[in-house]
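Following this line, the structures themselves.
Here come two complexes built around subunit A, the first alongside subunit B, the second alongside subunit C.
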Partner chain A sequence: MGVVSSRHLTKSYRNNHAIKDLTIQFQEGSITGLIGRNGAGKTTLLKLIAGLIKKTDGELTVLGEEPFNSLKVSANSIFVDDQLPFPQDFKVKDVLREFSRFYPNWDGELADRLTSYFSIDKETLPLHFSKGKRSTFNAIVGLATHAPLTIFDEPTTGMDYSVRHDFYRALLKDYMEYPRTIIVSSHLLNELEDLLEEIALIHDGKLYFQETVPSLKEYAVGLTGSTSLLNSITQEHDVLYSKDVGMNQQYIVLKDRLTETEKDSLRREGVKLSPVSPADLCVYVTNKAEGGIDDVFNRSETI
Partner chain B sequence: MSLTEVKPYDVVKKQSRLKINGFVRVFTSLVIAHLVAMVLSYNGTGSMGGSANGGMFNYRFNLISGDMIFIFTLIWAAVIPYGLVKDEQRDIDFTFVSNRLTNHLSNFVFLALMSLFGAIMTLGTSLLFKTLVYLLNSNVSVHTSYAFFDIFIAIAVMFMYILLLASLGYAVSLMMNTHVIMKVVVPVTIFGLAFLDPVHGTFSSMFQFYVFESSLILLSIKVIFTVIALFGVILLVSNRWEVRA
Partner chain C sequence: MVLNHDSMKPIYIQIAEWLETEVINGNLSVDDKIYSQYQLADLLNINPATAGKGLTKLLEDDIAYKKRGLGMFVKENAREKILLKRKNETLKTIIKDLVQEADYLQVSNEELKHMIEAERTKRGSS
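And now, the complex of A and B:
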């Protein structure tokens, strides 16, 4: 039984399903990446877990309780996004003081060290921060809370490259020191990959897969070869992605269900086999089945 | 990692303090409102004049009172709750630890403390105002003087009325927050009812019920029961509302 588990969870706004029939589990003491495109339902799912919004249908249990309106879930979890509202007159030091009053696990020393490292002046108002600085500050608060269930919704919005890397590093170090359940959502997996233990990919409000990072690295295989040759294979397998890479040459990504003998025979026929990184895989499977942005501009074909 | 158990009582206490720390503006706004009220009532809130001995003497009394200050306090009390239930303000509780119940209860604690502050301030300002008028004018006859017990009664009565209006303001603000359309419908309904009051008398009978009560104990009972009923309905209705949606 996970810290968070849902069965056939649905959340709809009028006629629009933000989350549809989603069954997922987040294990205790694990760090999971929730990956999906814009509008895939990541934020909705995280807000449901944090108990901020109400499910439409299905089951959802967080820390053994229905999370919506639950004081226990609220006290043992923190939901951090780029908007995290504070009283408008509160300075950084006031916000930190309030967090220390509300959360018993609050690590004031960590908060102090991180704010000074990221050169956040404690006398300033978070309201006046730039987007990136606000995200940095919210992320610091999210880390120092040490909540048993820590949820970061797109924590790196607006952060520059080096701050992003520092944040991921801080997250990893703090997680190793205080193991707890952490969920980080992002539309981009590249930079997160080394940090995560598990990856859940959601698309159109549904869970596409939930795999550990090592098994995800073997989830798919990329084949490059002549179109005619690959066509015979595509009919028998799940093709996740395909792309023309030159005259009669194609690159296709398959779910890796090929046996070693199949792979050997492909190699003999001149097909190049390559591993597919989890980040690329996530992009491939969530792309529209046919065509890409190029086809929008490629008018001759549609006329 | 072990879970923390929380009691609603502790959370309400923490949230109430958060509100007092976070809404200092509420208290400074009353001071400004009182300054305005003092300026407006400097020349008297009522006057009467006349002449005697066939026009030999003309006299004119200006009545100086703290009524305007109290009326400004009441308006302040009715308006402040709107700021308290605005989405951005309400969501702040949920940045920290909260659920619907503790959110409303801590708002209520805040409104009660605010009402007490308003009552004490109103008495203080009106005393200050009368003293100023006395010092700045030569021919003033003083008609009020307070014994200790009178001060207590005055504060208690004002507290009850301010709390009543603050609670009504809270309920109306919540109603206005349910839907964008309600932001228009609710004020229009209230103004409409006020205009048609001579016909149906809803407001005047409500007014009589509370304002013409001469016993402090009965007034307290009426106000406290009204406030409890209002908050009961609010809790029942809003318990399933979402936040940060």
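And now, the complex of A and C:
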């Protein structure tokens, strides 16, 4: 059984279902990426798992317990987002000291080394940090906690490119040294995908898919070729996305159910096959209407 | 080794092929120790499970063997096996692409052969 498992989990805010009938499992000792569009329900799910908010309906078990009001879950998990609340008059050193008192696995040496690497002065107040620096500090706290269940909700908000890459590297190295269950939600899937074992896509409060990264790579395939040729294929397959890319040329993305022989014959007919990155795939499957943003600007066609 | 994210090949296959190339080049010989799962993950900045999958592929293809607690090592005849496999798979795929492009450009067999020979002469092989 997984460290986290839910069945038919629902969370509603008034009449709005943030999480709807969601069934998901997170395996022990793996890094899972939780992705989805803005408002898909990622943060709500993560907060439910961390026990910060109360579910409306369904089942949710974290480390063997219902997480809301569970001391076991609070002591063995950490939820890091860009607002991790600290008392206003706490300096960096006070925050680190209090964390070491609360979390039994706290790695003070790692926290010290990371804060000095990222030039975070221990005498300053986190309250006065820039957005990026605050995120960096929160991420450091999240890593050094070494909680058996570590949850990062958009940890890289505001971080510059270089700091983000340092953070990914730190996350991987620390995970290898202290294997534990890590869930990361992020919009920057391209940067993160190599670190992940699994990717779960949440859409409209539901689980759209949960796949290992290698199988996600084989989930879809991109075809570029003449429109007439591709039209004959689209009849028999699930088309996730299509776009005109030149005179009688089209780019389409299919669920990859093509056999090797079919692929070969397509290549022979001049169709180019290309991989679809998990990030692009997620955009395609969650797009509301065909065409997307272009349709907004297509005023002439609506008349 | 640099991972290619634009390739149709999953990362773990790329890792297996890279290690195979190291065997072909002679950088890894019979009974040499191959990187561990964690060394690979650290080197390439990837999830250790992905690295492990690449190593498992070498075991499955009978190119490496495992010594309990010590790691993975290059198997006897690994190089010959890899060369044969590359000829049957990689080279054939490239030839398929080559012939397809030649057909597309209406290049005759003679002309194509000529071009291959010219390239080989240029490289100094026969």
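Methods note: the second predicted complex is superposed on the first by the 302 of 303 C-alpha atoms of A that agree within 3 Å, B and C clash if a C-alpha of one lies under 4 Å from a C-alpha of the other, contacts with A are read in each partner's own complex, and residues count from 1 in each chain.
Just so it is clear, a contact is a pair of C-beta atoms (placed from the backbone, for glycine too) under 8 Å apart; a residue touches a chain by one contact, two chains touch by 3 or more.
Worth saying up front: this structure is predicted, and the values here are computed from it rather than measured.
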{"item": "Subunit B versus subunit C as contact partner of A:176, first or second or both or neither", "value": "second"}
{"item": "Partner chain in contact with A:74 - subunit B first, subunit C second, else both or neither", "value": "first"}
{"item": "Partner chain in contact with A:47 - subunit B first, subunit C second, else both or neither", "value": "first"}
{"item": "Subunit B versus subunit C as contact partner of A:264, first or second or both or neither", "value": "second"}
{"item": "Partner chain in contact with A:187 - subunit B first, subunit C second, else both or neither", "value": "neither"}
{"item": "Subunit A: partner with more touched residues, subunit B or subunit C", "value": "B"}
{"item": "Which of subunit B and subunit C A:237 touches, first, second, both or neither", "value": "neither"}
{"item": "Common interface residues of subunit A - those touching subunit B in one complex and subunit C in the other", "value": "none"}
{"item": "Complex contact set, residues of subunit A against subunit B", "value": "29, 47, 51-54, 63, 68-72, 74-76, 83-87, 89-90, 94, 98-99, 101-105, 146, 148, 178-180"}
{"item": "Of subunit C, residues touching subunit A in the complex", "value": "3, 5-8, 10-12, 38, 41-42, 44-50, 53, 96-97, 100, 104"}
{"item": "Subunit A-facing residues of subunit B, complex", "value": "1-6, 8, 11, 14, 17-18, 21-25, 88, 91-92, 94-102, 239-240, 242-245"}
{"item": "Residues of subunit A that touch subunit C when the two form their complex", "value": "30-31, 168-169, 172-173, 176, 190, 194-197, 213-214, 217-218, 221, 264, 267-268, 270, 273-275, 277"}
